[in-house]
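After the structure tokens below, expect a handful of questions from me.
Chain IDs A, B, C, D, E and F follow the sequence of writing; residue 1 opens each chain.
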Amino acid sequence: MKEFTHINEQGRAKMVDVSQKDDTIRIAVARGEVRMHRKTLSLIKTGGIAKGDVLAVAQIAGIMGAKKSPDLIPMCHPLLLTGIDMSFFINEEESKVEIQASVKLTGKTGVEMEALTAVSIGALTIYDMCKAVDKGMEIQNIRLVSKSGGKSGDFLRKGEKLWEV
Amino acid sequence: MKEFTHINEQGRAKMVDVSQKDDTIRIAVARGEVRMHRKTLSLIKTGGIAKGDVLAVAQIAGIMGAKKSPDLIPMCHPLLLTGIDMSFFINEEESKVEIQASVKLTGKTGVEMEALTAVSIGALTIYDMCKAVDKGMEIQNIRLVSKSGGKSGDFLRKGEKLWEV
Amino acid sequence: MKEFTHINEQGRAKMVDVSQKDDTIRIAVARGEVRMHRKTLSLIKTGGIAKGDVLAVAQIAGIMGAKKSPDLIPMCHPLLLTGIDMSFFINEEESKVEIQASVKLTGKTGVEMEALTAVSIGALTIYDMCKAVDKGMEIQNIRLVSKSGGKSGDFLRKGEKLWEV
Amino acid sequence: MKEFTHINEQGRAKMVDVSQKDDTIRIAVARGEVRMHRKTLSLIKTGGIAKGDVLAVAQIAGIMGAKKSPDLIPMCHPLLLTGIDMSFFINEEESKVEIQASVKLTGKTGVEMEALTAVSIGALTIYDMCKAVDKGMEIQNIRLVSKSGGKSGDFLRKGEKLWEV
Amino acid sequence: MKEFTHINEQGRAKMVDVSQKDDTIRIAVARGEVRMHRKTLSLIKTGGIAKGDVLAVAQIAGIMGAKKSPDLIPMCHPLLLTGIDMSFFINEEESKVEIQASVKLTGKTGVEMEALTAVSIGALTIYDMCKAVDKGMEIQNIRLVSKSGGKSGDFLRKGEKLWEV
Amino acid sequence: MKEFTHINEQGRAKMVDVSQKDDTIRIAVARGEVRMHRKTLSLIKTGGIAKGDVLAVAQIAGIMGAKKSPDLIPMCHPLLLTGIDMSFFINEEESKVEIQASVKLTGKTGVEMEALTAVSIGALTIYDMCKAVDKGMEIQNIRLVSKSGGKSGDFLRKGEKLWEV
């Protein structure tokens, strides 16, 4: 197990030096979900335009949120994201909306945080859009699914597979 | 069950009109957690200054994130937050860090989103600080715990009690 | 004709003092349009979800842009907007998308700039979404339509009437 | 006519993947204008320092606005702008201020949106500085004038020529 | 001597609760200076428009910076600033530019940080505009000059008097 | 002595064109200090966690501030900072906290402004955290200590040496 890399010689956090890292293509995929009442899910799903709207707002919020990651997470490097996509899957059995964000970059550090931030802001936006009808919603299971590029090697979370979108 | 309030007459989202609402004192408390390897938790906990640092960075990120809520969540009203506090609890049995944010306001709308955003950004920051040693961490169970003030009445989530901080 | 109010004693701009102004309900409505090829308009309009998407993105961008006005316009006061709504009207005869933003506030200064900013950012977003097919689009006729509240009195632009949305 | 590139497989907007594009020098020039009462134009133009100030504020706002484009326009890529310049021309015959922005970049995507945003924010700032004397001003004719660099080839709008600044 | 108010029960920083404070008119004045080579000062001062420009850019940057204070300083409350003014004084004897910012608010907490931030960002901007000719400039003596409003009483720094602007 | 480079042909400021500059590794180190009452310094220093906290908050604020430089300083280029570190030194003899920021980049322009901004925001944050006990604190002596990389050559301020951190 490696040591923390964000701590400087005074025992305080720093933004680690990545000047020597190569510019490679990096991709990260993250997922999470918002659990809610069946009636809330139904309101999102049915209702014609209204449905589209909740997820459309969540999706735009997630994309814009990914771009703000270095402004939100103190030790996160600024990056020139080259692509962001988000998908939503309504899981009626478990009464939840599943969210996936994939982020792409040609640069010096990975984009895990950007993908996780996109999912988090998307989930918060779903909560905001629906909170007038359901304050008990829960944001669950935000996790990194896969990551490629960079010298630390590829990562694929056990038991996950990519969605067919 | 009420209807969505964020949809305008064209079926699109809007920022709802709260001009007529009263300025009252409003408080919201939200919680969430980051589950991780025991070794990661141990690295956060032991290690003197290093431990303090991960949670100190997460806490400042959460407070700053709460202030950014209207910039992150499209239909969220700008608010003059009058107080923000965050607490962390290391739960060794379940190998996780628990996060609580409480936000206070004298204003026209509730601060649920600000409390949930503080917890989310705090959790993302813990992930960022520790991801070099543990990519499998999960952000779980982000939920509103309580809310008071405003005409929709008080809310206390079943089975929750306030921490003694 | 009054004098400029944004100039200080050194001949430089300042953010004028509104401390003594009353908190009243203020509303501003602004409009503008994006002129384009008929084929571009058709691509926005037909195409099922795709159509909805261009305007949905523009609308969310406009609402978020209105909230950023004091960060964009140097002498603009920060304000707690209490409501923002945007509407779009596809004008096929003149091959353009018309945009309307209405902004509401209980506060010390008017919200004209916020309404004009919402329209401008909405128009820029339509341009961005469609520029791969039509670089010749023009943003036209961004203007204040009406304003109420505050001691300078109400304003209604000649020849304009409110849309029935 | 090409198809929209900002729509993903779920029919929702995405930030398109430009990872494979080359880093080339790209330049975009945009223009627009603010039409106003002759007296307003005269107040901007005469009046010694005061004149300089309105346009100086507009120009700085435009330059700062260009840098914020990816934060304002949801599907706009973050870019490392390498140069931004703005010019103003007082057109007394037509009683308007003409605005030009040119933006330069070494990067993977064009800077049309950044140039158009600079002009738009510059125009909004002129409106803000002068609105106490003239609420009827109109922002007109914001358009892309030219663009070079990138594989889609150069673009020069019909009937436009570069200003001699 | 009072105790720190920004520390919570876990020994970590928090944004202190000001919900119970009254909304009163509050004013703060801060000052600072940029010391430089005589030739640099001369380039700022002479040179017609060029001179005005350095200070005009600094002044706009300072005003916009004051509005960003809660986004820059972690425990700083968001506030609705009602007025911001900046003045510059070229001190040839001591070869420096003196900067003053005064900030006004009707609200619950003082605006000392906003005034100090305006001066700091103004000073950094002067440095940026002149650094091609003088890397040795120093930013000195940033301090609170006076403060009024609020229950902690008025403050006037010893030996200072307000400028006649 | 060179001429200003930030002025365009209309005598107004511009963001200078750096498209042709090479991407090289660039480092800048800046320093400054906050002078205060001995009792204030003692409260920062002793007091266990409380001490750590003031400087921890200042350090995170400084790092986040460095990333915001192009948003704060009008003519500052956006840059992809590759490393930021801050150190603090409590100087009891002179009753002050000394601050150092070092910033690293692989890019087209220097990072002097980012290092100076980190120090400035760090100093403002110390002021904010301690102002309840000491309004007379002064921010002093913010200056560039060293700079390397880029064609203008290296710079080392006379009389300065790097800290052993």
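Observations, loosely collected:
As a convention for this text, a contact is a pair of C-beta atoms (placed from the backbone, for glycine too) under 8 Å apart; a residue touches a chain by one contact, two chains touch by 3 or more.
The UniProt protein names, listed by chain, are A, B, C, D, E, F = Cyclic pyranopterin monophosphate synthase.
As the structure is a computational prediction, the values presented were derived from the model and not from experiment.
Note on connectivity: the fewest chain-to-chain touch steps from chain B to chain E number 1. Shared contact partners of chain B and chain C, listed by label: A, E.
Residue contact pairs shared with E-F exceed half only for one pair among B-E, B-C or A-B, and that pair is A-B.
Distance between chain centres (mean CA atoms), chain C to chain D: 16 Å. Per-chain CA centroids place chain A at a distance of 32 Å from chain F.
Chain centres here are Cα means. That of chain B falls 38 Å from that of chain D.
Within chain F, residues 12-13, 49, 53, 56-57, 60-61, 64, 68, 71, 74-75, 79-80 each touch two or more of the remaining chains. Pairwise, the chains that make contact are A-B, A-C, A-D, A-F, B-C, B-E, B-F, C-D, C-E, D-E, D-F, E-F.
Residues of chain F touching chain E in their complex: 1-7, 11-13, 32, 39, 43, 48-50, 53-54, 56-57, 60-61, 64-65, 68, 71-76, 112-113, 116-117, 120-121, 123-125, 127-133, 135-144, 147, 155, 157.
Chain C meets chain E in the complex at residues 8-10, 12-19, 21, 70-71, 74-75, 77-80, 107-108. By the touch criterion given at the top, residues 25, 55-56, 59-60, 63-64, 67-68, 79-88, 104-106, 165 of chain D touch chain F in their complex. Taken in their complex, chain E has these residues touching chain D: 49, 52-53, 56-57, 60-61, 64.
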